[in-house]
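Per-chain residue numbering starts at 1, and chain names A, B, C, D, E and F are given in the order in which the chains are listed.
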Amino acid sequence: MKLIIAIIKPFKLDEVREALTGVGVAGMTVSEVKGFGRQKGQTEIYRGAEYSTNMVPKIKIEVVVGADLADRAVEAIQAAASTGAIGDGKIFVLDVGQAVRIRTGETDETAL
Amino acid sequence: MGVQMKLAMKIAAGAGLGALFAAPFFFGPALAQAPAAAPVVPTDAMVNKGDVSWMLVSAALVLMMSVPGLALFYGGLVRTKNMLSVLMQVLTIVCVAGLLWVTIGYSMAFTNGGALNLFVGGFSKALMKGVDANTFAATFSNGVYLPETTFVVFQMTFAMITPALIVGAFAERVKFTPLILFVVAWSILVYYPMAHMVWYWPGPDFTAGLPDDHGYLWGKGALDFAGGTVVHINAGIAGLVGCLVIGKRVGYKSEPMPPHSLTMTMIGASLLWVGWFGFNAGSNLEANKFASLAFINTMVATAAAGAMWAIIEQVVHGKPSLLGAASGVVAGLVAITPAAGFAAPMTSVVLGAVASVGCFFFVTTVKNALKYDDTLDVFGVHCIGGIIGAIGTGVVADPALGGQGFMDFTVIPAVAGKYDMASQLWVQTQGVLTTLALSGGVSLVLFLLLKFTIGIRPSKEVEVEGLDINAHGERAYNY
Amino acid sequence: MGVQMKLAMKIAAGAGLGALFAAPFFFGPALAQAPAAAPVVPTDAMVNKGDVSWMLVSAALVLMMSVPGLALFYGGLVRTKNMLSVLMQVLTIVCVAGLLWVTIGYSMAFTNGGALNLFVGGFSKALMKGVDANTFAATFSNGVYLPETTFVVFQMTFAMITPALIVGAFAERVKFTPLILFVVAWSILVYYPMAHMVWYWPGPDFTAGLPDDHGYLWGKGALDFAGGTVVHINAGIAGLVGCLVIGKRVGYKSEPMPPHSLTMTMIGASLLWVGWFGFNAGSNLEANKFASLAFINTMVATAAAGAMWAIIEQVVHGKPSLLGAASGVVAGLVAITPAAGFAAPMTSVVLGAVASVGCFFFVTTVKNALKYDDTLDVFGVHCIGGIIGAIGTGVVADPALGGQGFMDFTVIPAVAGKYDMASQLWVQTQGVLTTLALSGGVSLVLFLLLKFTIGIRPSKEVEVEGLDINAHGERAYNY
Amino acid sequence: MGVQMKLAMKIAAGAGLGALFAAPFFFGPALAQAPAAAPVVPTDAMVNKGDVSWMLVSAALVLMMSVPGLALFYGGLVRTKNMLSVLMQVLTIVCVAGLLWVTIGYSMAFTNGGALNLFVGGFSKALMKGVDANTFAATFSNGVYLPETTFVVFQMTFAMITPALIVGAFAERVKFTPLILFVVAWSILVYYPMAHMVWYWPGPDFTAGLPDDHGYLWGKGALDFAGGTVVHINAGIAGLVGCLVIGKRVGYKSEPMPPHSLTMTMIGASLLWVGWFGFNAGSNLEANKFASLAFINTMVATAAAGAMWAIIEQVVHGKPSLLGAASGVVAGLVAITPAAGFAAPMTSVVLGAVASVGCFFFVTTVKNALKYDDTLDVFGVHCIGGIIGAIGTGVVADPALGGQGFMDFTVIPAVAGKYDMASQLWVQTQGVLTTLALSGGVSLVLFLLLKFTIGIRPSKEVEVEGLDINAHGERAYNY
Amino acid sequence: MKLIIAIIKPFKLDEVREALTGVGVAGMTVSEVKGFGRQKGQTEIYRGAEYSTNMVPKIKIEVVVGADLADRAVEAIQAAASTGAIGDGKIFVLDVGQAVRIRTGETDETAL
Amino acid sequence: MKLIIAIIKPFKLDEVREALTGVGVAGMTVSEVKGFGRQKGQTEIYRGAEYSTNMVPKIKIEVVVGADLADRAVEAIQAAASTGAIGDGKIFVLDVGQAVRIRTGETDETAL
C-alpha cells in the first residue's frame, strides 16, 4: 500500500476529490496547511506595517491506496490539480506497512 | 380636480407620520411664497427638548444599523476571504453618502426644485448654505419644530444606509472603486429624487398656504411612514439589477458557500432590530404617542416575522435555523417600515407574518427557480418585503382595522381625513411602481456604463482568491 | 389589620419606584370602581416628551440586552458546536414571548383579575383590546402619564429577557421545540402571575380610591425597583430546576469544556451593562432625578462587582480573569436591580461587592460541591445575585443609610412613608420565598411533564455531535 | 489685568459649550462665597426631562464606547494570544476608574480646591458626600440644571475611558497589576487635576458672583467642547511615554504581527462612532440646538476622516483598507471632539479630513522613522488627532467661519463674546502644552517608578507565549 | 521505529490518548482534519442553499513508536476508537528511518 | 528522497525556515498541531472549572529532500529549533518513494 501526500491549491480540492473517486479511491483525509515555496504570498499592509507572507494557504490530501492503484491516483491528482501556475503543489508517495479499519478491525487493502 | 386633488389633501396621517412627510421649514424664499395672514415663524421656543433627545438618539441608532449592524449581518454571510470587502464597502458608503448629503443631497431632497419641484429639489442649501443652529425644520404637528441640523442628520443616516443595502446583492464579486462611483451616481439620480418625491412638503403650518409645494408621490397621498419605497424597494431593485448585470459568483451552485460566521450575522440582525426603532419610531420626528405606536408595531411585526420564518422551516425541513429566524427578523422590519405609525399592534403582527411567508418563498423558491445570484437576498428580503409592506400599509392604515388613517394638513390645525382603502391601495401601488421603474431603470444604465468602461467585476483569479487580500491588502482573521 | 395593613400603604418609594410599581391607567371599567370626587382623566397633556423619549430608548436598550447581549454572553461560553443553538433559543424566545405578551401576557399581568386579582390579572386587554395610541399608563408621580403602548412595550422587553435567561442553565443539551413550549407555559403560569403580584397597582392618582386593587406582593410593600424577584430569582430557580431534571452534560467534569469565544462573552457582558440602564433606570418610568439615581447606582454597583470578582481571583489563584470580571459585572447588575432606585451610590458599591463575593462563592464552591451542571451559572449568578439584591434592598433603601425609603400613595400627592428596616427585610424575604416557591414548583412540574412526554433532552449522539448541526442544520463558523 | 482678564471672561461659547465648561452647582459652602443679590437656588423645576433623557443616554453611550467599543477596537488589532489581556485591561480600568470617581475623583475635579483651586479641587464631595437625588448641577444655560447624579455619572464615563485609551500604546507587553496601579495614580495626579483646570467653573448663574472660582485653563478661555485636551492629548502622551519606558515588543519589526481579527476592530470602531455622539453632543449637557450641532459636526467630520484615509491609501498603495478607514474614523472623532459644538458642518468636514492626513502621516511615516513601538497608535491617533483638533478648534470656532465663538458668562444672561482668532489660537496652544507637560511628565515618573520597583513588563517567555494564558489563565478562543 | 497514523472520530481523542499512554507511549501529535469516506456529513441549509458536506471532521493522531510497541499501540487505538459505526476511521503504519529529540539531540528510540 | 517531519515550538518557525533555506531547501509545508508529551500545558480556569490541558500548540513542518540533503536538513532543524527546554519537539525521517511537481509533472528530486 502507498500513502500519497498531495499538497494542492485550496480551490482545486473538489476537482481532485472527484478525480480520485473517479479512479476508485473510496476515502481520503484532508487538512489545511501553509506552504512555503516558489509561490510568493500577497503583501498585507496594516497601518504602517507591511508583511509579505511567504506562506500561502494550501490543502494537503492524504490517501492510502493499494500499490496497484497508486500510479493512477497520482496521475489523477496531478491532472486535476494542475493549473500550470507556480504553486500548484507536490505529490509525494510513501510506503505503508499496515492499514486497519477501526470499525471492523479489517486490515490492509480491505481496510481502505 | 378629482382624485388627484382629493389625494393631494390626503397628506400623511395622525400627527405622527413618518419621515415620508418630513420637511424642513424654509426661511426667506419659501416664506416669500406664503400667502398673506401672519405665517408661523419657527423659533427655539417651538422646539421640545424631549423631541431633540429622541431624534438625536434615533439618528445614532440608524447609524448603528449601518455600522456595525448591516455590515455584520451581511459580512457574516460571505466567505472569510471576502469579509473585509463587505465591511469596507458598507463603511465607505456610509462615509461617502454622509459627505454627499451635506454637499448636495439634503438640498436636492428637501428644498423647492423650482420647475422640477415635483421630482427633485434644488441647490439652494448645497454645502449647508443657510442651515445653522438657528434654523428649524417642521414636524407633523402644528407649531412643533426641530433644530434643522437634527433633521439634516437624521435624514442623513437614511441616505447612508440605503445605498449600503444594495451591496449585498453582488457581494463577493464587485470592484471597490466602481462600486463607490455607482453609489455616488445612484444617490444623485435616484435617492435624492425619490426622497423628494415622497418626503418633500412645506410642513403642517404652511401646507394650507402652499398647497402645490410638495413632491410627486407626496401629492398623491402615498403613505410610507419610514421609507418602504425610498429605502427598501429602492435599494432592493437596484441590487437585483446589479447582480444581473454583474453575473453569478464563480462556483455558484457548484461549490459550497456557507456563511463564514452566523454569529456575526446574528449580531448584525440584532443591532438592525435595535437600531430600527430609531429608523421607524424616529421617523415620527416627535417623542409622542405616535412614536410609541410606531415603536411597538416595529417590535411585534418583527417578532412575528422572526417566529414565522422559524415555523416555516420547522414545517418544511424540520430544522428551524438561526439564519432563518434572523432573516425573518429583517423581513419583518422591512415590511413594517412603511406601516409603522399607521398600523395597530395586532395588524402589525399579521403584516410581519405575511412578509415572512412572502420573503421565505421568494428567497428559497423563486430565486432558485430563476437562478440569479442575489448573494445576500437584497431583492428577496428588502424589495419583496418592502412591496408587501407598502401595499400592506394601505390595508393596516385603515381606521376600520384600528389604523391611524391620514391627516388632512390643508386646514390648521390638521384634522383626520376620510380613508378609502381601495383608492389608498392604488396610490400605494403607484408608489411601488414609480420606485421600481426609476431605481431599476437608472441602476441598469449605471451598471452597464460601469461594466463597459472601467469594469465592475474583478478578475476570476481575484474573485477566487478573495477580495480582502486583493482589493484591500488585508485578511479578516489571523488566529 | 396590623402589619399587613400598614404594609399595604407602604407602596413603593421615593416617587421613582421602578417597574415593580408600574401599572397602566384603566379607562372605563376601572374608573367605574373609583370612588366619588372627580377622578383624574389622563390625557396627552399629562405626557412629557422627555419621558417618552427616555422610555422608548429604555425599551430598545432592554431588547439589546437580550439580542445580541445575553445571546452573546451565553453563546461565547458554550462550545462551538452549540453556539447557534444558544443564539437561536434566545432569539426565538424573544420573538415568542413578545407575541405572547400582546396576546395575553400584558392583560394577565396588568389588568384587574377579578376574584384572582391578588395573584393574576384577567383577559380584558387580551389581543391589545382597548389599548391604542390614546390610552395612557400611570407612572409613580401624580398626574404624570405615559402612552400606554410605551408601557406595554417596555414591559414586553422584560417578559422577553426573563425566560431567555433560563436557557443558560441547561445549555448544550436541550431540545428546541420542548424548550419553546416550556417558555410559553412558564410565561403564562409563572411570569405573568409574578409580574401581577409584584407590579400591579392602579397608579398614584387612583390608589387612594382603590386601596385593595393591587397584586399580592405589592400589597405587602415589597420593594423591587426593576425586577430582582420577577426577573432574576424567577428565572434563576427555573433554570436550576431545569438543569436538575435534564441532567448533566455528556462529559461534564470528564472532558474540558472551555468557552469557545470569551470575546463574544465580553461583548455580551458589555452590552448587558449598557442595556441594563434601560432596565433599571427605565423602570423609573420618568426621566427625572430618580432615574438618574437608579442610573448611577447601576453604574457603580456593577463596577464594584466587576472589580471585586477580579480581586478575589487574584487572591485565590493569582490570575484575575476576563470571564471573572465579566461574571462580576453581571452579578453586580443583577444585585442592584431591585435596589437601583432606592440605594445611594456608596451603598450600591457595597451591595455590588457583596453580590460578587456571594456569587463567586456559589459558582466556584457550592456548585462544585453539589455537583449539578448549571451550564452557565444561571442559578449561581441570577438567583443568588437576585436574592442578595432583594434582601439587600431592604437595607440600602433605609433613609438612615441614605436610601430613598418608600412613598405612601394612599394620600394625594404621595408622601414619604416611615421606614422600618426589620419589617422591610421580612417583607423582602417573603417576596423571595414566594418567587422561589412558585417558579421552582411550576417549573418542576413543567420540566417533568415534558421529560416524560415529548422529551426535553436530545439523544447522546446528537448532544455529542452538537445541537447546531442537528437541531438547526447550520454551523456557526466556516472559516 | 490684560489678556488674562479678558480671557477669563471669554468663558465658553454659544450656550451649548461642552463638558469643558460643565460644573455642578454647589449648595451650602459655595453659596456662602456668592455675593449679595438673591442667588439662584436650583430646584427640580429647573430640570428638563428632555435633558435628563439625553444625558442618561449619553452616559450609556460613552460607557459603550469603552466596553465593548474601545476594547474591541484595540483587541482586534493584537494577536490572538493577547486578546483577553486587552479586553480585561479595558474592562478593569472602567470598573476601577468608576469606583475611584465616586470615591475622590469627582470631588477632586469638580469642587473648589481652596488654595490650589486653579489646579485641583478638594475633598468636600469625597465618597459622594452631599451629593444625592436633590442636588443639581449647572448646564451652560442660565436657570437650567441637571440632577447632580446625572452630571456625576456622565463625567464618570469620561474618567473611565481616558485611562483605558492609554493601554493601546503598550498592548501585548504589560503586567496587569502594575498597569492598574498606574491608572489609579495617573487618574489622581493627572486626570482629575486636568479636568479641574479645564472644566471647573461655578456655572452661568454664579460666574458673575464668583469671577475667580474656576480652573486654570478655563480661566484662560481655552475652548475644548468635549475633551480634546483632557481626554485625547492627555491619554495619548501618557501612552507614548509608557511605550518608550516599557520598550518594544519581542519580535517587533522582525516577525509579522497582523491584527488577529479586523472584524472586531471594525465593530469597535463603529461602536466608538455611535457612542461618541454621547461623548460630544452629550457634552453640551442639554438636548437643544447646540447638542444637535455637535452631533452633526461629529457625524460629518468622522465621515470625512474615514473617507480621506481610504483615499490616501488608494493613492499611496492602491488598496484602501478597512483598517485604514476605521483608523480614519477614529482620527476624525478625536479631532472633532474639542470643536464639536463650535464648528459648522462644512468646517468640520475640513477638520476631519486634515486630521486624517495628519494621523496617517504620523502612524505610517513618523512612527516608522522614530522606531518606537506604539502598538495601537495611541499617540499617532489620539495625541496627534487631539492636537490637530485642539488647535483647529481655534480656527473653526471663529464666527467669521460660521463658528459659534464663545459666550461671556460674566453677565446674566450670558452674551456672545468678541472672537479673536489669533489670541484664541495661542490659548489653545497653551492648553495643548499644559496637557503634554503635565501628563507626559507625571507619566514618565510613574512608569519609571513601576519599572524599577515591582516591574511593569512581563518576562520574555510570558510575552512570547501570550498574556492571556499567563496573566489571566484563559484563552480567547477554543473553536 | 514505526509512524502510526490514526484517523479517528473527534470525541474519541481522550480515550485513545489514554489507551496509548496505557501501553507506554509517551508522546504524540494531534491535528484536526476533514475526512472523506463512507460516512456522510450532515446536510446544512442556509436560506435556499443546501449543502451536503461530504467532509466530516476527524482527528489525526501521529505517533512514532519503537517497532516492538507498534502492534500493541495499533491494537490500543483500535479498541479505544471503535464505536462500531461507519466513520470510525483508519490506522496506517509506516516505517520511520530516524528520530531526533530536538532538545537533546538524542536519536532513535531514546528520542521518543 | 526523505520526508522529514519536525514537530517544533510555534515561535521557532521562522528560525527553522531560515535554517532550512540556508541548507538549500526550497519548499516545505507547515501545519498547526497539538502536541502531547512531557511538556505540560498551562492550566486554564473558567469560573469554577479548571482544565489542565495536556495538549500544547506545536508546529509541524513537513519537508521532502533528496537523500543527500537529509542529514544536513535534520541538523539544521535541530539547531534552529532547540531552546533546551522540555517540549522542543521531535524530528522524524521517512523514506519517500516518489515525488511529483504538479505544475510540470517533473518527478523525484527535480520536483522538489
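What we mean here is this: contacts are C-beta pairs under 8 Å (C-beta built on N, C-alpha and C of every residue); 3 or more make two chains touch, one makes a residue touch a chain.
The model shown is predicted, which means the values in this text are computed figures rather than measured ones.
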| item | value |
| --- | --- |
| Chain C to chain D, fewest steps along touching chains | 1 |
| Both-way neighbours, i.e. chains that touch chain F and touch chain E | A, C |
| A-D against D-F, pair bridged by the larger set of C-beta contacts | A-D |
| Self-contact between copies chain A and chain F, residue sets same or different by half | different |
| Between chain A and chain B, centroid-to-centroid distance (C-alpha), Å | 49 |
| Whole-Å gap separating chain A and chain C, where each centre is the average of the chain's CA atoms | 55 |
| For chain B paired with chain C, centre-to-centre distance based on mean C-alpha positions, whole Å | 35 |
| Distance from chain E to chain A - Cα centre to Cα centre, in angstrom | 18 |
| Multi-partner residues of chain E (each touching 2 or more other chains) | 31, 44-46, 94-95 |
| Multi-chain contact sites of chain C, meaning residues that touch two or more partners | 48-51, 53-54, 57, 258-259, 261, 267, 317, 319, 321, 323, 473-475, 477, 479 |
| Touching chain combinations (by label order) | A-B, A-D, A-E, A-F, B-C, B-D, B-E, C-D, C-E, C-F, D-F, E-F |
| Residues of chain C that touch chain E when the two form their complex | 254-255, 464-465, 469-470, 473-475 |
| Chain C-touching residues of chain B, taken from the complex the two chains share | 14, 48-51, 53-54, 57, 61, 79-80, 258-263, 266-267, 269-271, 273-274, 277-278, 281, 286-293, 295-296, 299-300, 302-304, 306-307, 310, 314, 317, 319-323, 325-326, 329, 344-346, 349, 402, 404, 477, 479 |
| Contact set on chain E toward chain A in their complex | 2, 5-8, 31-38, 54-55, 58, 60, 74, 77-78, 81-95 |
| Chain F residues within the chain D interface of the complex | 11, 14, 42-46 |
| Chain D contact footprint on chain A (complex, rising order) | 44-49, 51, 53 |
